[in-house]
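To keep things simple, chains are lettered A, B, C and D as they appear, and every chain counts its residues starting from 1.
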Amino acid sequence: MAGSTFGTILRASAWGESHGKGIGVVVDGCPAGLPLDEADIQAYLNRRKPGQSKFTTARQEGDVVEILSGVFEGRTTGTPIALEVRNTDQRSHDYGNIMDVYRPGHADYTFDGKYGFRDYRGGGRSSGRETTARVAAGAIACKFLRTLGITVRAYTRSVGSIEIDYGSFRMEEMWNNRLYMPDAKAARKAEAYLEEMMARKDSCGGVVECVIHGMPVGVGEPVFDKLDACLAKAMLSIGAVKGFEIGDGFEASRSLGSVNNDGFRMSGETEDKGLLFTDRIVKSSNHSGGTLGGISDGSDIVMRAAFKPTPSIAQGQHTVTRNGQETDIEIKGRHDPIIVPRAVVVVEAMAALTAADLLLQSMTSRLDRIQEFFGR
Amino acid sequence: MAGSTFGTILRASAWGESHGKGIGVVVDGCPAGLPLDEADIQAYLNRRKPGQSKFTTARQEGDVVEILSGVFEGRTTGTPIALEVRNTDQRSHDYGNIMDVYRPGHADYTFDGKYGFRDYRGGGRSSGRETTARVAAGAIACKFLRTLGITVRAYTRSVGSIEIDYGSFRMEEMWNNRLYMPDAKAARKAEAYLEEMMARKDSCGGVVECVIHGMPVGVGEPVFDKLDACLAKAMLSIGAVKGFEIGDGFEASRSLGSVNNDGFRMSGETEDKGLLFTDRIVKSSNHSGGTLGGISDGSDIVMRAAFKPTPSIAQGQHTVTRNGQETDIEIKGRHDPIIVPRAVVVVEAMAALTAADLLLQSMTSRLDRIQEFFGR
Amino acid sequence: MAGSTFGTILRASAWGESHGKGIGVVVDGCPAGLPLDEADIQAYLNRRKPGQSKFTTARQEGDVVEILSGVFEGRTTGTPIALEVRNTDQRSHDYGNIMDVYRPGHADYTFDGKYGFRDYRGGGRSSGRETTARVAAGAIACKFLRTLGITVRAYTRSVGSIEIDYGSFRMEEMWNNRLYMPDAKAARKAEAYLEEMMARKDSCGGVVECVIHGMPVGVGEPVFDKLDACLAKAMLSIGAVKGFEIGDGFEASRSLGSVNNDGFRMSGETEDKGLLFTDRIVKSSNHSGGTLGGISDGSDIVMRAAFKPTPSIAQGQHTVTRNGQETDIEIKGRHDPIIVPRAVVVVEAMAALTAADLLLQSMTSRLDRIQEFFGR
Amino acid sequence: MAGSTFGTILRASAWGESHGKGIGVVVDGCPAGLPLDEADIQAYLNRRKPGQSKFTTARQEGDVVEILSGVFEGRTTGTPIALEVRNTDQRSHDYGNIMDVYRPGHADYTFDGKYGFRDYRGGGRSSGRETTARVAAGAIACKFLRTLGITVRAYTRSVGSIEIDYGSFRMEEMWNNRLYMPDAKAARKAEAYLEEMMARKDSCGGVVECVIHGMPVGVGEPVFDKLDACLAKAMLSIGAVKGFEIGDGFEASRSLGSVNNDGFRMSGETEDKGLLFTDRIVKSSNHSGGTLGGISDGSDIVMRAAFKPTPSIAQGQHTVTRNGQETDIEIKGRHDPIIVPRAVVVVEAMAALTAADLLLQSMTSRLDRIQEFFGR
C-alpha cells in the first residue's frame, strides 16, 4: 500500500531517502494562478536546514530546491508541481555501523520486518530528512492560504520541561533565538538545558504549538474527516511526534463543562467576515481551539504536537543485530540534541497542507453557493 | 466533500441523525468467510447504550441492529455489509429550544455556517448518537482481528483528575463498575466526583486508554500513513476528543533520549511470533507505545484519547440566536455528566477499524510474500 | 479491497443482494439545500423496474425507496443520504439449481474463485438488481445537475443490429415504446426481433446512447481523471457493458484528422454561457463528443455503452459444477431477452453521478475564482 | 482537484510538461524486493520514443530515465520510486504560433477555460509527451507482474480501416515493422496508407489491442471497481483514445446469448493453476475477454483502444483566437501522421498498472488466505 500521498484535493506525494539522490514532492491540485517561484519555497526550506546553531547538526545539506513543472511564467498552471532537492552531502560512511544493528528509537527494526531489508544509509526513507519534502509542499500551501488572508504560525512552546510564559509571549521573539521560542527568558533557560544535554551525551524533547489564523467558518467535515482529526493525523505523521492537542487538549479532560464551553456573543464590530458564514458572531473564549464538531468556527485554530527526544545519542545502548545477537551501540556522527527547533517549520507545513486541503473541500457544501459559483 | 467514510481497504461509510429514522453503516472490504451474526454486533452496541446507570442518560434507545447484506449462511461474503439501527425514541420536543439558539460547545453554529441550515433535532448528524455506526462497524473489525490473534481493549483511565493507579490495575475490574475503570478504588472516587458534578449541574471530562495486543511487526505505512497517525485521526474524529497520545505521549516531550529509547534484546523464549517478521527480538520497554517510524514493532500498541466535559449542562450559558440576538440558554433534557464511560467502546471500535485496515494494507509490502501468496 | 464506492466528492456507497433483505446506497457529499423527496427517486426507480412489458421479467419487485437520513424539512442537509429499497419478492426456489453449477456468462465462477463461496440466490451481489442502488443515487445526481441547467438523457440506440435512424430521431418518442428508442420505426423492428429471440429461447444485446447537455467548460481533470475516462469507468462498471465510446468512438479510428478535428468559431449570439469560461466560442462540429484533452468543451457530451445479450437463456448450455463435473444447464425462471431497455436509466444514473462529481471537483481549479468564492 | 495519480495500492503520480524541465512519475506501493534498474525502464521508454521511422516525429527527445529513490542495491525498497526524464530538446519557437490560437482537436481551449491560462509550449501538460511518465511507471508494473507469471502485450490491430488478419497473426512480427502490427501483410498496406496521408497533409487513427495473459482468477472488484471498468478508465485516460472494448465489445451488442456466453468445461490437463482458485475449470471460448462480473476468470484478458487521428495537421483549419477572432491555422512542426505506433507501449503500460493494482487489491478478499498469510 502506498502511504506517501497526503491530502485529497491538494495532494502532496513525497519521495526520497536520506542518502539517495535526493528528496522531492509532487504537489497536485494547487489552483492555477498562484504566483510562485523557487525563492518562496527556499525560504521555508532554510528554516529546517541543519547547521544553523550548535544545537543542530553541523551537516551542511544545501537543500536547494528546483521547481520542475507546474509553474509557467511565474504562476502555477493548475497541473502538478514537481519539487526536487538533490542531496549533496552523502557521507554514508558515517552510518556504516548501523547496517546490521537496530538503533533503539529508530525504524530500522520495523522497516526490516515490513520490507525484508532496508536502505540503511542514515535511516533511508525513515530519516528526518524526508521532512524536506513536507516543508517544500507546505510552503506552497502557506502561500495559497495567504492569498485568502489565512496565516499559519508555529513556534516552540517547550523544551523538556521549560515552557514559554504566555505573560511574556512575543511572536517576533521567536526569530531572535535559535530555538524559535516566542519568549526570550524561556529561550535562555532552554539553551542552558540543551548545553547540559549535550555535555551528558543525552537528548531531550519538546512541544511545538501552531496557530492558524483567519480560517473561515465551515472548514472540516463532520464525522470522520473532522478538521481536528485531519490535523492530528498530519502531526502524528511527523516522525518523532507522540502526542497531539487541539485547544485545551488533555487539560480539557480535567476541566468542567461550565468552564470549557465557549459562549457566543455578538462582536461590537460591524465588519463582515465575508466568508462561508457572514456575520458578527464570535466566541467569548477559545477552549475548543477553533473547531466545533470538527468544523472551523472562525476563531484561531490552536494545536500542539509533542516531540520525543532525538533517538540518536552518543551513549551506549542495549540492542540486537539483524542476526539476533545482543550487542551495544553508540550512535556516532552529527545529531541534534533536540528535534524541536528544526521541526517548527515542519509543523507549520503540515498544518498548512491540511488547512488548504480542507478549505478547498469545503467549497462544495452548499447548493446556493455552487449555483452562484457557476452563475446559475 | 464527503468525509463520512473511514478506511482504505476496510471501509466504513456511516449515515444517520439523532432524531431521524435511524443510524447505519456500510462496511465494505471485510474479507469473506468471517462468521458473523447480529449478536456479535449487538454485544458492542449494548456497551455504548445509554440508560445503564445514573451517569448516563435515561433515554432508552433500544439500538437493535439489523444486518441487511453481506452475510450469507452465517458468514461474510466479501461484499458490503449494511448495518442499520432504527431510531425508536424520538422525543424531539425535548430539543425544540435549540432550533434558533447556538448551544455552546456544540456544532450548531458551525453546521449552520457550513451548510446554511441544519437538522436541529438533538444535534442531528453531529449528535453523539452517530457513534452507534462506529461501534457497529468496529464490532466487525474486532471480530476479524481476533481471528488473527489480535485484541483491542479500551478502558477509562481518568475521570476529571482522578486517574487509575497502575499498581492496582485489574483489567477485569472494568466490568464491575459503570465507569469501566480497571481500578476499583479509583472508580469509587470517580463516582463520588460525578455525583458532585450532577449536583452542581456541571459536567466533566476524562481520558480513555486503549491497547492493541498481538499486532504483527510491519503494520503501518512510513511517512504520511503511519499507524500512529491513522490512530490519531481515528480518535480525534470522535466528537468530544481534544487530545491523543501514543506511548508516553506528551510525557516523552519532557523525557530524555537515554530514558525514552526502548532497547532491544532477544526474548528467552523459542516461540515464533509467526507473523510478518518471525523472530524473537523484543523491546525491553515500551515508551514508544508499540510503533517505530509509524510501523508496528510487535509490542502492545498503547494510546490515549482525552475527552472534554459534556457540553450540554443545565446551567445558564451566554450565547446568541441564529438572528444575532444575545441570549442565555439552559440545556434541558437528559444528558450524561460525562461522556467517557459510553465512549470506551467507541474508542475500541475506532482503534479496531484502523488496525484492521492497516493490517490488510500491510499484506502487499514484500514481493517474496506476494509470490508465496499466489503460489509462484 | 472495497470497490463499492463510486466518486470522490459526490460519493455513492452501494450494498445489497438480489435475494437478501434489500438494496441500498449511501450518497455522501451531496450539497446542502437541494429539495429532495422520495418521489424524486421513485420516478427513476420506476424506469428500471421489471414487469413493464413482455420483454422484461414478470417479477414484481415493488422497489419502493425510503430516505433514511440526510434530508430535513424537504431539503438535503449536506450529510449522508441513506436510501433503501427492501426486497419483497424473494422466490429463491427459482434459483436453487444454480447453487452448485456455474451459469455461463454469469459471475458465479469468479465469485467462488475470489471469495471461496457465494450467495447463490439469484446472483446475490452480482445480480442486475444491484443497479437499483445506482439508479437511486443517480436520481439525486440528476436533480442536482438540473439546478445548474445540466441535463442527462439516455436512450436505446440499437437492439441487436437494428439501429435508430438519426433522420427520424425524436427524443420524446422514447417514451412511446417499451424499448426507449427515440425512433418509432426502429422500435417496431426491434420489437419484432425480440419476439423472435423469445421464441428461440435466445437473447440479444444492444447499445445505449447518453447525452449530457449544458455542462460548463472546464470539467474533467487532465491526465488520469479525464471526464471521458471517468465516464468509461462508470459505463463499464455496469454488469453487462462490454464497450464504450465517446463522440465518434471507434469510427474516429477510421477517420482523418481533417475530418475528425472540430473547428472553432464564434457563435452569432451574444448570450453569455456564464460558466467556467464566459464567452461565445463554439465548435462547428462535435466529433470529439464534448471533451478536449479530457475536459468538457461546452458542447454536448455524447457517449455510448454496448451491452451484451442477457446471459440467462432457457436453452441448454455446457458448463461444470463446483466440484468439477461437466454438465448442462438451462436457466429457468423469468429473464429479460434483452437488458438494454431497463439499462437505459442505469446509464443515465452513472453518467449523472460522474458528471456531478467532476463538476464539483472543477470548482477548485482557479485561484481567482476561489478568492471570489471566499470573498477575498 | 488532483487527478494526476493513478491506482489505489500501486500508485503512479505523474508530472511534467512538454517543454518544461522534464517529465516524471512517483511510483508508490511497489512491493519491496523487486530487482529494478534504469535499463528495465529505458527499454520501455525507447519503444515510445519519437524519431524511429518516417511515421513518427523527427524530434530526438533522448528520454533518458533516472531513478531517484526507492531502489537500493538493485532492488525496490517498498518506498516511493521517483523516476525522471529531463527534457533536452525544447525548441519552443516551433510552437509560438499557438500561444493565442486554439488548435482544433487539442486541449488549448479547455485548459484556458479550466485554468484561466495555459503553458502553450507544445501543449504543456496536455501534450502526448506526458505519456513518458505512464510508460516509465508501467515498466515497473510489467516487471512486477512477470514475477508472478503474468504478461501484458499490446500491438497495433488496425490503421485507419486496415485491420490485421488473425489468420496470419504472428506476435513476433510486430517487432519487424515500425507500426507494431503482428501481421506483415497488413503492415505493408498500412504503411502505404500512411504515405498517402503524409502526402495529403492529413492524419489517421487506429486501434491498439492488448492481452493480459496469466492473470489468476479473482482479480477485480464487483460493482464499481470491476477489472474491465478500471481498464476502460486506464485506456480512456490516454489522450487520443475515443473508445474501449473488452472481449467482443460492440460486436457483443449484435450477438446472441447462445453465441456470446462462454461455456465451461474441465481442462484435460492435471496442471494446477495455483492461484486464487486452484482447479482445472476453463472456458471453451472467450467472448467475454477474460472477465465475468468484472472479475478475472483465468482466461486471457483481451481489450482494445480506439485512437483518433493525430489532431496536428499541416492543412489549414478554421479556429478562433483567445480574444475571440475567427482565424485559420496550419500546424507547423514535426508531427506523426498517426499516434498508434507510439501508443502501443502506452496501452501496455496502462494495462499493466491497472492489472498490478487490482491484483494487489485482490489479496484481501478471503479470510482463510489472510490467516494463512499471517501464519494463523
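Note that a residue touches a chain if its C-beta (ideal position, glycine included) is under 8 Å from a C-beta of that chain, and two chains touch if they have at least 3 such contacts.
From a predicted model like this one, the values you see are computed outputs, not experimental measurements.
Asker: Spell out the chains that contact chain C while also contacting chain D.
Answerer: Of all the chains present, those in contact with both chain C and chain D are A, B.
Asker: Enumerate, in label order, the chains that touch chain B and chain C alike.
Answerer: Both-contact set = A, D.
Asker: Per the definition at the top, count C-beta pairs in contact and tell me whether A-D or A-C has more.
Answerer: Of A-D and A-C, it is A-D that has more C-beta pairs in contact.
Asker: Once you find the CA centre of chain A and the CA centre of chain B, what distance in Å lies between them?
Answerer: 25
Asker: Could you give the separation in Å between the centres of chain A and chain C, each centre being the mean of its C-alpha atoms?
Answerer: Their C-alpha centroids are separated by 44 Å.
Asker: What whole-number Å value describes the gap between the mean CA coordinates of chain A and chain D?
Answerer: Measuring from centre to centre gives 38 Å for this pair.
Asker: For chain C, give me the residues that contact two or more of the other chains.
Answerer: Chain C, residues with two or more chain partners: 1-5, 8-9, 14, 29, 32-33, 78-79, 114-116, 125, 222-223, 276, 361, 364-366, 368.
Asker: Could you list, by residue number, the parts of chain D that touch chain B in their complex?
Answerer: 8-9, 29, 31-34, 76, 78-79, 144, 147-149, 216, 222, 274-276, 278, 360-361, 363-371, 373-376
Asker: Considering the complex alone, what residue numbers of chain C touch chain B?
Answerer: 1-5, 8-11, 13-17, 20-24, 26, 28-29, 32-33, 66, 68-70, 72, 75, 77-82, 84, 114-119, 124-125
Asker: Taking the complex as given, what residues does chain A use to touch chain B?
Answerer: Touching chain B from chain A are residues 1-6, 8-9, 14, 102, 104-107, 109-116, 125-126, 130, 158, 160-161, 197, 202-207, 217-226, 228-237, 239, 242-250, 252-258, 260-266, 276-277, 279-281, 284, 288-289, 291-298, 306-313, 315, 317-320, 324, 326, 361-362, 364-366, 368.
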